[in-house]
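Once you scroll down, you'll see the structures, which are given as structure tokens.
First subunit A sits with subunit B, and in the next complex the same chain sits with subunit C.
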Partner chain A sequence: MNNSKIGFVESVSIAIIVMISHILLNLPNEILSSTASAGPLNVIYITILATIIFLFFNKLFSPFKGKDILDVAEFVGGSILKKIISIIYTLYFIFVAGILILNFSNTLKTIYLPDMPTELLCLVFILIALIANQYGFKNVSRTNAIVLPFIIVTIIIIFFSLSVHFVPERFFPVLGYGTNNTFVLGITNIFAFGEILLLFLIRSNYKEPKESKKIGLTSIIFSGLILFLSVTALLLIFPFATGGEGVLSIYMITRSIQFGKFFQRVDALFILIWVLVFFAYLSVVLAFAIKITNKNTKTPTSNIPAFLICIGIFIVTLIPQNIAQIRFVENVIYKYACLIIVFGMSFIILLLGYLKKNKKSLIEGKF
Partner chain B sequence: MKIIKKLKEFFYTLTQNQEGYNFTISKEKTSESQPEDLLKKQSIYPSLEVNLDYIKARYNTLINSDIKIREFILNAKGKQFKSFLIYIDGLVDTTSINDFILNPLMIKNFSNQTNEPQIFSEAITNNISVRKVKRFNITDYIYECLLPQNSVKKISSFDEIVQNINSGNCALFVDTINFAFDIDIKKFAQRTISEPKNEPSVRGSQEAFVENLRTNTSLIRRNINNENLIIENIVIGKTNKNNCAVCYIKDITNSSLVSEVKYRLNNIDVDYVLSSSELIQLIKDDPETTLPEILTTERADKAVASLLQGRVIIIYNGSPYALILPVTLFDFFTSQEDVNLNYHFSNLLKVLRGIAFFITLLLPGLYLAVTIYHRELLPTELLYSIVASRVNVPFPIVVEIIMMELSFELIREAGLRVPSPLGSTVGIVGALVLGEAAVSANIVSPILIIIIAITAISSFTIPDFSLGFHLRIARFGYTLLGALCGFLGIGIGIFIHLITLCSLNSYGVPYLSPYMPKSNIRNNGYLLKPVWKRENRSDFLNTKRTKVQNDTSMKWRKE
Partner chain C sequence: MKAKKILIFLLILLLILITLLGSNSVNSLDNLAYVVAIGFDIKDNGKLELSFQIALPSGSEGSSGSTSSQSSDSIVTSVECNTFESGVNLVNSYLSKELNLSHCKAIVFSEEIAFQGIGEYLYTLINHVEIRPTCNVIISKCNAKYFLNNSSPLLEQLSSKYYKIASTSEKVTGYTYNITLLDFFSDFADSFTECFATLGSVNDGGSDNRDSSISANGTDDSYVASETPIDAQKNIENLGLAVFKGDKLVGELNGLECIAHLILTNELDNAVISVPSPFESTNYIDLYITDSKCKTKVYLSNGTPYIKPDIDLSCRIISMSDDYKDLTEENILLIEEYTKYYIERFIYDYLYKTAKVFKSDITAFGKYAVSNFSTLNEWDEYNWLDNYQNSFFNVDINIDIISRYLLIDT
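Entry: the complex of A and B
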């Protein structure tokens, strides 16, 4: 992980790729199922909320220039807390990666590769991420940055290609299931911005630490925009009552895209781009898990932690027995794990760190 | 038992007595511990006889036919000195040896006969004449008066003098003098400067590099009228000491880049390097990658343009190609013709090359992926047509495509290796086999011929030969991946390819610069800007002077 400083574009793309991989699976569906026709409104709401939270977190980070959240944890509770937090984060990444890859592999199997076992598909993804990580964090982040424009263009193409099929009436009622579901219960949808955690973890890798605020805001606004486009497209194509039933909802809407009489089914092309996104996503998550483990154990090489983490991810992919279990893990366990770890635990660490630092400066100032 | 033993002995003696040609290369390490090596560090002796014996032994003159040693008596100021001249026949200008070396040294003219001191200056004051006289010194006299040559050096090391003789100089040894005169009189048959064969240009310069180092450096020097152009020589190889020239413009090129190039060249520990292509493999950043990390060109104008951009050029003696470094992937899409055209045309060609790059790399793999796994992507009419064309073909598509790819590679290789008059024959046979016969015999489908043909044509549009090789290898990988798991496989290939590209560096410059990592793309991007807007040098080169021209290059427009 030495010499792994990354620039603005790479940092932003890491955060957005993580968000997009969630969008491609079931995130828009999940938002629509809880908010109905208020989905787009809810996305705007949670984007604003995520921006505010990020700015607040950034303020808490301000005394720790060039440090990441693990350094803050060490400052707060010494190496023991740092180790505990590192283990929690690593397990979180292993769990999230495993579940997402399992979900995507299942979808690929259903759509194109019925003869291929899901475990083998998961293994292929994990293996590619492992190979990618041999090239180091910097190159993984650069690859992400190359893949990102393609996926953004894809989402824009999907949105505008489907615009002919949009039924604007589906925007109504604007508040969907009501204000309570949209703004109070709907607040939990902020888990969509779980990639903020990554931004806390790569702070020490920024080429220009001053840009951390800019990176965070750009990532959240871009992610929010992409999420808005996806949720809106899904809402306007399918009635939300049926839209929630689809597996890989974005894929379902791409099947409606036609370019004249010649290209009537172009969904496979999108799969090609999405495969790239998932490789990029898994490589990033693995890189982060390795980074945390290396920092925690002070291991000079990343090979052994990488292998162990990959085995961990593979084990996670073997746990759910069927699609329903995957759905449950993804929509409930992941959602609340994200809220607790990213927005709860990280907040407490930052707050304690901020207070301790301020107190220390105050005492030093007195003397 | 005795009988068996006897029989064994008999057969043994029988085989031992057989006479035949049984050559094996000796495993003796003759070159490591020979006294010759120790002698190489020897300085020249004052005794001519010893020097002569040494030279004869070192050059194996008894068996070496082209080593010429001319012994003679040197006349200088009425004194006579035993001397000898050594040179390699065929590498020197014999007329110059006769007229401007042997003639002045041997001739007994009046001025050379008198032993009067050499008067530098004379002043007469008050009838007293004061003369500044130089004491006679044979070495100075030979150097200053008897060798009318522009390049004469005094060398005291045998090693150095031998190296210079090998490169075409001649050496003059004089009795009592413990050094030799190294006289540069190189002249050998060489190819004249001709048109570039592999990088043709319609409107560009028609001068290509040749095998001679000095001719090549002169081509560069002639086109860069600036005293800051530095051409440094570095010797490569322990046995075959060959020169290579490192060229750069001192006030433009980044100093650390120049140092790195020189460092790598100075630290090549090999017996010999035969060509610039071998040299590339010894100095590139990642020797295992199939992607080219150093650009080669036979065009002098391309080398000059690279120097002016702030890059370093390496010219290897004996190779008609100059090496340009550092480079990025996008440099391999650039032809020198681009700068000679209007930027609109150049950019159109560059876009075409970009498309060709992806077609070359991906088309067979994509065809397999689509026809095996993603048939819904194809319009129904096209799908019917493909299926109909394959009805009589007995092989699976993957076998069909690999067979055709291999056939094409064979034809290409055969076309390169056969003598040029037969090249067209190979082409005709190939075209017939590939085009007509294979389809008629129902071995392949017509649509596959189209796929392979488009791929082949696209591969020829890539200006760089070595990038084309990489694409050929990678294409087989994509074909197999596409056949194995469709777009998932293609995705695997693209991702691994991307991360490999991201990880590569060429002399400290990331391979995907200026796009990844993103740097200033003012006029270093893939597409060319108009000539009047090419204001800056490439950002990733970190040149000493960043500006090429001011914002207003066409000052006449202001008026």
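Entry: the complex of A and C
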């Protein structure tokens, strides 16, 4: 799998599908509940910040061409640090995948499958991801690239078909809950760009390592644009979105879509496409968790880590007892875990790696 | 490689086996009763009375040759209950079928229950997965059960289609406005507007026992639902708007006031208004409003809202008489002046009625006022919805009248 090289489109698709999965559940609502009418402004702000952070991280990565963040960790602290970091990243992926799948399964249960146990729905998703991963990382990323255009089209359809119902005045007051909430506390909303972590891990799989900057920038800007469209659509349609009341916010939007008198109730079609997105999402996250574990255990072809990770994801889906706990885990624990692991820990590793490399180069007279 | 193929086969087999566990629900048409409309009433003992208009399957007893005034393709079943869901359960038990609300086209609240507040029902309805946010909300001047019982699609075969078609008359007349559940709930939850709904009632259809003093100013557009002097079969009628303050009904608007509302909210498609003739005091000139645009500015003067709607109307004279030759340029200008005065008057009436009598900003002027505030905290502190009653207005109207007939062009 380590030899599975992927191109520009597959790489960008992987990053975007993660963002879209979060958007489909509750990300726009979470941003609006903390920033209210300043939501779109906050999205622009965090997209710019994420771009700057990525460029800075990319600079820190520059001495490590063709290497991913685990290689950098090994360079900084040897195999022990690499193992610790690998375990933290794996646990992070297991946790995120488990919570997101549980949330989506609950959504499906609420809307279409009231008699189906949530655990069974989660199991179906996990099994499909496991089967997909038997065909390798490259095939997973290619499938992902096929699914992505469909979901992008649905988001564009949602935005433009409902634009006639938009109330542009809902952009006001432009500062929402104030400058502090929008620009200072609002920085924490950068967790929406947690997909940056995948870009750190995927670097060793690039066909063209020099495209890493282009891939990262495209992923962030595209994700930012999709997030902006979603947040704007939600804000301009639902006044109650800013109160954090819309739990299945994007689904609520789709229920209002009608194309004349003939095409109605198109939300069922959207749900079908979203199911595909979550299959793709879980396959990607599982692929990354397997990649990290295999690299850590130096067992590149073993299936055992894949089974263990799937069991881990399934266990995570069993932990929350009710929707309130899922929301708390998703909106609070995931948010801060993402900020600490993706933006904090990764930054420290890269900075130390950069400094060590520079020092070494200076000693060797190469820098 | 072979082991991998076996593994994949086993995983796929497991996936298929999961679908055979039988934990998914299967509902066939035989198990379901499709609700076309829901009515909410309040009983004297304070209990909720829910009425469901249920579509009859073709071939069943009621679907052919029914002689009741009720729609022949549906029945109305009512139940006294404490909550919406318990009412649904009781009806399920009685019918031995499961009520399916996914085809519900109208939600009817009686005036009585609306006066007491419908907030709790709104949250229940908007949270219900089966009820579409696009179904219409109607406030009935009569009992909701009576309203549903008298909903007989005269020119349609299906009740559900009838509700859909009936609500489109607003595009032609401007005498009412079609409010969906989502619109209603959005307005209810919004901080810069109040909610309003379509006003409906049952028109007895007989002109003999009608109160002749109902239309006080004598024009044809000053009626509300049930007052139209139509001589026809008893049926439901949607005319006017029901005005809310919060979740409580506070008043109603007639057809002309509804036109004023639609002009100010830029929602008017077309409408016909009868303007007193400047040439002969007993006559009226019919004007067809073809285009309507309103730009509104809201200023805050010492905390008091000063609202300035700027309206542009294009009208066409559609009444024709043998004195058409009198439509000279001077006379057209005179008609414009009269029309401007007339429209200005009923718009002012509408504005002061909503501000001073109802104290309810159903026109959503708040959305223009909100740009005067930089943060939501300032906006919330100002409390627009309570301050709207202090508003004063300055309406500016420009009217462009054209007249085009087959015989003459002016």
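What we mean here is this: the second predicted complex is superposed on the first by the 358 of 367 C-alpha atoms of A that agree within 3 Å, B and C clash if a C-alpha of one lies under 4 Å from a C-alpha of the other, contacts with A are read in each partner's own complex, and residues count from 1 in each chain.
Keep in mind that, in the parts below, a residue touches a chain if its C-beta (ideal position, glycine included) is under 8 Å from a C-beta of that chain, and two chains touch if they have at least 3 such contacts.
Since we're looking at a predicted model, the values are computed, not measured.
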Joint occupancy of subunit A by subunit B and subunit C, clash or fit: fit
Touching partner for A:Pro63 - first (subunit B), second (subunit C), both, neither: neither
Subunit B versus subunit C as contact partner of A:Val275, first or second or both or neither: first
First, second, both or neither for A:Thr110, with subunit B first and subunit C second: second
Subunit B versus subunit C as contact partner of A:Ile128, first or second or both or neither: both
Apex subunit A: angle to the C-alpha centres of subunit B and subunit C, given in degrees as a multiple of 10: 100
Touching partner for A:Arg170 - first (subunit B), second (subunit C), both, neither: second
Subunit B versus subunit C as contact partner of A:Gly77, first or second or both or neither: neither
Which of subunit B and subunit C A:Arg265 touches, first, second, both or neither: both
Touched partner set for A:Glu10, first subunit B, second subunit C, both or neither: first
First (subunit B), second (subunit C), both or neither touched by A:Ala145: first
Lowest C-alpha to C-alpha distance for subunit C against subunit B (Å): 6
Overlap of the subunit B and subunit C footprints on subunit A, listed as residue numbers: 113, 116, 124, 128, 131, 261, 264-265
Residues of subunit A defined as touching subunit C within the complex: 36-37, 110-111, 113-117, 120, 123-124, 127-128, 130-131, 134, 167, 169-170, 172-178, 237-240, 242-243, 245, 252, 255-256, 258, 261, 264-265, 303
Complex contacts: residues of subunit B adjacent to subunit A: 370, 373-374, 376-377, 379-380, 485-488, 490-492, 494-496, 498-500, 502-503, 512, 515-518
Partner subunit B, residues of subunit A touching it in the complex: 7, 9-10, 108, 112-113, 116, 121, 124, 128, 131-132, 135-136, 139-140, 142-143, 145-147, 261-269, 271-272, 275-276, 279-280, 283
Touching residues on subunit C, where the partner in the complex is subunit A: 4, 7-8, 11-12, 14-15, 18, 21, 23-25, 129, 132-134, 164, 182, 185-186, 189-192, 367-368, 370-371, 373-379
